[in-house]
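Two complexes are shown next, each including chain A; its partner changes from chain B in the first to chain C in the second.
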Partner chain A sequence: MVKAITCPSCGGSVSIKYSDTSLSFVCPSCLTVISNDNTSVSILVRNQQLLAKPIISLGQRFKFRGHDWDVIGFLLRSDKTEVYKWSEYLLFNPYVGYRFLVCMDGHWSYVTKTKSAPKVDSILRSASYLGKTYSLFNKVKIKTLFVLGEFYWRVKANELVESSDYINPPEMLSLEKDSDEEIWSLAEYIPKGDIETAFKLKGLMPLDMGVAPHQPSSHNEDKKLTMYVSYLMCALFLVQFGFVVAVYRSDALNLTYSVPNSKGYKITTQTFEIGEKAGYIESEISALVSNDWFEAVIEAVEEESGEEYEFDQGVEYYLGSDSDGAWTEGSQKSERRIAKLPKGKYHLNITTDSGSGAPTNLTVRITEGNVAWGNFFFAIFMMAIYPMYYFMRAKSFEKTRWSQSDYSPFWSQHDD
Partner chain B sequence: MKDFLCPQCGAGLKFTTAYAVSTVCEFCNSLVVRHDLNLELLGKEAILQDDLNPLQVGTRGVFKKTGFSIKGGVRLNHHEGFWQEWFLELDSPTRDSRYAWLAQAQGEYQFLFEPVELPRQSASEFQVGATVAVPSEVEKLLGKWSSSLVKNADAFKAIDIRTAQMTHFLGQLPWAPDKNRQRTVAELSSTDDAKMTIEFGSDKTLLYYGQVLDFEDFKFQNLKEVKGW
Partner chain C sequence: MIKGYLVYGFLVVLIYSYISYVGISYYDFASGKSFQPAGKTFQHK
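Let's turn to the complex of A and B:
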């Protein structure tokens, strides 16, 4: 198992912990990358510079996700420009195989090779794997800048690998394609606290910056609450609707009178009945006026007791045209909610007034069983505030996430 | 089952499964092939240093409720590493698969049914990206196993071809080991729940099909202890 080898570059002694399965390893003194063949060793990469120090020490064993893992390899990788860098740790367990731990901008992922190749849809820019669909996030060329430890493959120096990332938070599917093969892997976003505990990194954790491509939205809890509020809103609507149906609106009076002179004309309506319906009573008047105002002082008289209830109600309507075209203002119709009238027989005494006194037709309509919508809409509005706030915040989180992508759904590729 | 004695050392040989054609003598490590009642001695096997592998001859496991036990295996080396194939005796063999295989590479475990024969093709006329012609009766059999294989032309595309050297034989095997010990295999593009490989033999072309599962899924028993773990 453990094999001691003399470094072909510096002559130092290197021990390979898993010589049966590791195809390449790095001499800790001169950093030369060496190929471990069955019978011989040869140099793969010369003159590596010490570009980074792993924060998880190689050779140690940690428990994570129900298995023990030996941290056997470290890779410093970057994009083509070598500006954007991240670290990867190779984990090994002889029973369950290999995993990677990737740390990018302080965000951690636990990475496993997929069991089969996901199906890529280049039109929808998505990939599907085991019933889940992932959206294309980025296509970049990456390379490995520096390695330490041992690896189950032969490390290649300075080779550019084409990589494509597809996301469905908290997961990311990645394809790495080089001249020889295509490797798909599935990364799971791991909260940094879990990594800190499992790999004993207290005080060593790098600061997490920005939003990782597959970082789960921090608004998932809000999502639940929003769902409950939506249910409540639906329930409220059903109650309101049920009330409207149960009460049903009906006409007590609906008649049209001709008003020959609208200044001080008096009308007495026929007798009508007001019952004991739930809901309120509404008075609706309409008068055919133009460029004029019209007002009616209305007295509802209960015929048995002689009790009087007085209110006034008016309409005004203007129209004309200017440089912008035709315009109108006001309406020939108005509604007014009136105080609850006790059950009884009524008639109305109406006295009209208007600006011009022109003749008109007046329609008076008294309805009962009207259901108030104001409170309902107010309640809906109040309840909607939180989900709307949540929606804006969640959207802003998604915008931040996708701002790192060339395939953002939030804007077309032309305007950045 | 008839008792066979090792032509090299005279010890009793194990041919415990009906499909075994060769076996490695437990005492002297000779590789012995059975031709009906005659035995052929193929030479001595080198002992495989395989300390990190938890699987061994005698390990039992389960694939989708079918129990199996490892009867033998072969180690294959190529320039990018090695893999191991284990010959499995099934507790309940079927007509389509009298026995099975477990391929193991870089911590990945792949259960493969008894291969089906394809029209003979030579590896040299076959390249990465090429589509494999699959006769309809074979396609039907594969469709029975995995719905994702039915009418999925991509599934039969070669994504990797490699030639490997068989370096070690362990226990019993269902064929006589090839003396030149070369084997060329092509990996076909996988689908949601199916993996396939083609083996280009000297006299026949075989299609292996099956599935990759996690180590835990096989519920292995009688594993070899890995030192330090």
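Let's turn to the complex of A and C:
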């Protein structure tokens, strides 16, 4: 019920929209806070200084969350140092009750009083409400610096109240406690776009800064991602297991040749067969060299088509002794993975070379059906890149969130 | 984004299965050496 009252401070006329329920109101002319009793009015705070202007117009009606809300009050509040300030808008719908819209650092919350007091666990630093557990984020003393509009309680300006915040994004439970009462409220983080649309604030929205205590992380799909990673890793392991079980290594050629002069000596091997086995083909050569290098230019010739596939492969082996004792370097054997050859009958044309041209024995071994473990580990690496990035970003977000808290789980020790 | 990762991971499994079957190593791609199964020249690691 609208009621007109004369301001006891300036004599101006003040209209109270909900006079039955509003226990205090502010004279728009002199900014005096006035107590509204049934029969009389009295001054609570005389001549406030205009410290802030609400960006949502008081007295306007907006539709939000399925209800029409009258914006009837505005509060500017801060911590006791007055460094951190935020705005609170009091919304009222006669059929639903009161709600608050809180804007802190450009982050918005929709706040409802809880129907019952949450259960606080001071050891675990948590509070439980409606089956959810909230972690203690901060305990601070706060005060109201400035008010406009009308309120269902008697505004006490500059009086400190103890506040405790518990978070479970996107929600935050808050307790405000003074000598008279304890009030619990539940804040829900609201994306700024929703507020901008509902309250017609295009061009008026403050920039959001940092991470709000109960701001939901954009990296909140960690369970789903973990599940996907598990599926994909299982698929990888199954495929690799399939290769290991189904593919076995076998010799296509394994012969030793005498090389009387390793400079420019030519060998033609016997015919061998390459099948259609999965996996790669490996060429292994060993030459009995000592303090020398040995190289073979190898041509694999497919006998039916005459196609030639050429590669080179070498070994080097040095040994000696010094003041530290005997040493060796290199090896008399080398393996080279070569790409898969088409099925067919082949022989190798080998031309040898070496540093000294000394005679040696050359063993040539061609195997097929080799399982590529490198591919397996590389696939694991490729699959792990995004999850690693995701979880690092998620952790960074949480660290930023908790950097404002005295109870951060990222700290090794807490300072109460 | 997460669904995109599932598609990406599935492709990794497919590509890995294929190149492991035909005997190519990721190293051939990483080193810029192309694979020519029907060509005249082997590619080496």
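FYI, the second predicted complex is superposed on the first by the 266 of 416 C-alpha atoms of A that agree within 3 Å, B and C clash if a C-alpha of one lies under 4 Å from a C-alpha of the other, contacts with A are read in each partner's own complex, and residues count from 1 in each chain.
Keep this in mind: contacts are C-beta pairs under 8 Å (C-beta built on N, C-alpha and C of every residue); 3 or more make two chains touch, one makes a residue touch a chain.
These numbers come from a predicted model, not from an experiment.
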> Who does A:376 touch here: chain B (first), chain C (second), both, or neither?
Replying inline: second
> Thinking of the overlay built on chain A, is A:152 touched by chain B (first), by chain C (second), by both, or by neither?
Replying inline: first
>> With both structures fitted on chain A, tell me whether chain B or chain C touches more of chain A's residues.
In response: C
>> Just checking: does A:96 make contact with chain B only, chain C only, both, or neither of them? Give me first, second, both or neither.
In response: first
>> Between chain B and chain C, whom does A:47 touch in the aligned arrangement: first, second, both, or neither?
In response: neither
> Touch check for A:321: first (chain B), second (chain C), both, or neither?
Replying inline: neither
> Which of the two partners, first being chain B and second being chain C, lies in contact with A:116: first, second, both, or neither?
Replying inline: first
> What residues on chain A does chain C touch that chain B touches too?
Replying inline: none
> Where on chain A is chain C touching in the complex?
Replying inline: 221, 224-225, 228-229, 231-232, 235-236, 239-240, 243, 278-281, 300, 307-313, 336-342, 370-372, 374-376, 378-379, 382-383, 386-387
> So in the complex, which bits of chain C are touching chain A?
Replying inline: 2, 5-6, 8-10, 12-13, 15-17, 19-28, 35-45
>> Looking at the complex, which residues from chain B come into contact with chain A?
In response: 49-54, 77, 80-81, 106-108, 154, 159-160, 189-195, 211-216, 223, 226-229
> Can you list the chain A residues touching chain B in their complex?
Replying inline: 1, 18, 20-21, 23, 38, 68, 92-98, 113, 115-117, 119, 129-131, 152-154, 180-182
